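Each of the two complexes below includes subunit A, the first together with subunit B, the second together with subunit C.
Up next, the complex of A and B:
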């Protein structure tokens, strides 16, 4: 892959921030958008836009084709058996809440448990707490090791009484960069009679996802981290599960017929897509998937593995800097603390040099507690990140340390 | 490299951020409150002891946070001594205003001491770092026990 060509496709990378060339190391929060995504959305608004699934006119038919075309692209991206297994949501949070509501209240029974891990984003904690409090579900948390990996022995022990009906777990930590062993997790969950949901918000940006090979039951991700627009996310689930689940939200598009006495639900996936969907965003997401496919996951993974190795090696050489998490299988999300400098102060100083990192708890407060930390700074890499940018980060961090020494 | 950041990180802030003079839990106190900023994880607890005449005798704090939040808590603890609760509420209002706009009335000794923190007004995401301890102090004086700078 030609990095210069890739960077040329992201107009924002030409921007200066505070008089410096932008060094954007916050892609795990939200990624920048390639020209293909920007153009696809503008083109739709200028030339081909109407509401979907209802109009009997040319514009609506073409827009419906574009919207449904994104579903096909996602089914192919995930190697789903069936395009009807792809449900559009607002984001990963929306997808998890859909499952917590429809599968949680519709299928799980009071007394059953949901098992999450000790390195979840709040979006994979709070919906299950709400389910627990509303529906009498037990919430279990599988601990992580000091290295920042899932403790598989403890994980299996928590499944042993077969009360866990659903395992809901990240596929890649947004704080530690740890990949969880998804295929092994799914095999264990199934062996003990549980279904499994993976939060792929981070993982799908960096790795080819095959829901059949993983033997997943649910897989969720969001468009805006995958170089697509905000406002669109995806729930993939096995068809039989989606068919058994009651709808989440009621409204237009999700019904077959409506009377004051009763309504019947539309076929999959529309049963779960009430209201006018994120039409323009779906068109943008399709372009983002096209962009990912044009680069290729093998090239993306190789580039990011090289960036991560380089970053870990450079950061290890900075006195007083501590990288959080030492998982064997990890990706391009690197959290760190620095002796004598708080994460916010680090972020403010880096920002002055045009370097964007995130600082804080990263929507993972329980994980931060587990690590004994109040906050970390986090550098995260994307397809457009360069080795030079990581050198700029490391060189600047050395100066940050001097500033606070 | 960071010369233009000296407005924000003045020497007095770096100094008080590194070595706060009032960063202690008071053994004897009549008011206390915690403040936290859930977005970033900063936490502070403030303890206050009043004199019989209602003026503040001593203020101490424990904080986990950035240089700005610690220095602000420390300078606050320093300047509120000898003031009544009403005066402190007035001062807190002036401080909040300074943190947001960068300006403070002249001729006020306490505000002069706090003026190095005026630089935060150029960093909207950092204003709450500077005001966190003040939120906690006001909550303590109001007998609320907890506050948030969100």
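Up next, the complex of A and C:
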């Protein structure tokens, strides 16, 4: 993998911020977009655009073909058995809410439980609380260890009474960088009669996902973290589950026939895709997947592992700086605090040097409470991140440290 | 020692001009922030029992608290934050607005925060909470009786 060639594909990386070269270390919040994604969306708007699944005309048919082509690309990306298992949503949040609604209210029965972990994003907490309050479902939380890993003994104990109908868990923490042992989680869940959903918002950016090898039941991710556009996400689920689930939203494109007395639902996956979908965004997402495939997950994983090692080693050398989480299996998301400095102070000072990091609670307030922290600063890496950028971060943090020493 | 900031400059406009002058001494934002952090450290101590939710200015990333009191037709302000840079920005804001009449506060647009490059946007509640504090000061002043 030639990093200079990859960086050349991301126009925004040439931007200056406050007179400094941009050092973008906030890819876990949203990644920058390669030329291929930008061009694909512009090309569609200029040359090939109409609504999908509706018009018996050239533009609509060609656009439908592009939209459905993204579904094929996602099925291949995830190694899905069947392209009809791929449902487009607005983002991961939309996908989890779809499952909470259609599977939660449609299939789970009051008295059953949903099991999440202690390191979830709010998007994998709040939909289940809403389900709990509306539908009499118990919400259980599997604790994490001080190292920031899922406590597997406690996890299994929470499954033991077989009341858990669904395990919904992150595949990679957006705060700690921890990968959860997804295949083991799925095997345990299944052994106790539960289905399993993985929130792959972070993981799919860095690792090849094979839903069959993981033996997952649901897998969700969002396009904008995968170098694609905002406004498009994916729910993958086993066909039998999707067939059993009632629709979430009603409207156009999701019906086969409508009368005032009753409507019948369209075939999968359209049953879950009410209304005009994110057409241009689907075209952009396909280009993003093409970009990922052109680089290759092996090269991406090797580059990012090297970046993470470098970052952990540089940050460990800064007095008063504390990296949060020390999971064995971790990726390029590094949260830290600094003695005497608020995360907000750190981010403000880094920003003046053109370095973008996130500061705050990272949409994971319960995890922050578990860690005993008000907030952290977080640097996150992408395919285009360089070792030099990490050195710039570390060198600037040493200057920041002098402010508060 | 009163937690309320006593005005050093004859008017809010003079305070803004003074801040602009002082910040212009530095060529580098790192140095500017060092100065701002020092100003925060010199704020009058904020009573611990005021550092609660009823004194909290809603903001996203850091916590900001404030209190206001009317004396002789002027609004006196106290404030604090758990973040160092934000404390400094609170100090700047109180230097401009504390000890002024409601009419002067109403006439002093917080756009100076943006003009001096201290915040990026006045419209957002997220970010450092300073824009929200400026709005709150002006709301409080607007409902205070004129002298």
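By definition in this document, the second predicted complex is superposed on the first by the 405 of 405 C-alpha atoms of A that agree within 3 Å, B and C clash if a C-alpha of one lies under 4 Å from a C-alpha of the other, contacts with A are read in each partner's own complex, and residues count from 1 in each chain.
Everything below uses one rule, namely that a residue touches a chain if its C-beta (ideal position, glycine included) is under 8 Å from a C-beta of that chain, and two chains touch if they have at least 3 such contacts.
Because the structure is a prediction, the values reported are computed rather than measured.
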* To do: State whether subunit B and subunit C clash or fit side by side on subunit A once the two structures are superposed.
  => clash
* Asked: Of the partners subunit B and subunit C, which touch A:349 in the superposed model: first, second, both, neither?
  -> both
* **First, second, both or neither for A:15, with subunit B first and subunit C second** => neither
* Report for A:374: first if it touches subunit B alone, second if subunit C alone, otherwise both or neither. => both
* To do: Between subunit B and subunit C, point out the one touching more subunit A residues.
  => B
* Asked: Which partner does A:399 contact after superposing on A: first (subunit B), second (subunit C), both, neither?
  -> both
* So, does A:65 touch the first partner subunit B, the second partner subunit C, both, or neither? -> neither
* Which partner does A:359 contact after superposing on A: first (subunit B), second (subunit C), both, neither? -> both
* Asked: Can you pull the subunit A residues that subunit B and subunit C both touch?
  -> 341-345, 348-349, 352-353, 359-360, 374-375, 399, 403-404
* **Contacting residues of subunit B [partner subunit A, same complex]** => 1-2, 4-5, 8-9, 14, 18, 38-43, 64-68, 123, 126, 129
* **Of subunit A, residues touching subunit B in the complex** => 340-345, 348-349, 352-353, 359-361, 365, 368, 373-375, 396, 399-400, 403-404
* Asked: Along subunit C, where are the residues that touch subunit A in the complex?
  -> 29-30, 33-34, 37, 60-63, 82-86, 128
* For subunit A, which residues are in contact with subunit C within the complex? -> 18, 341-345, 347-349, 352-353, 359-360, 374-375, 399, 403-404
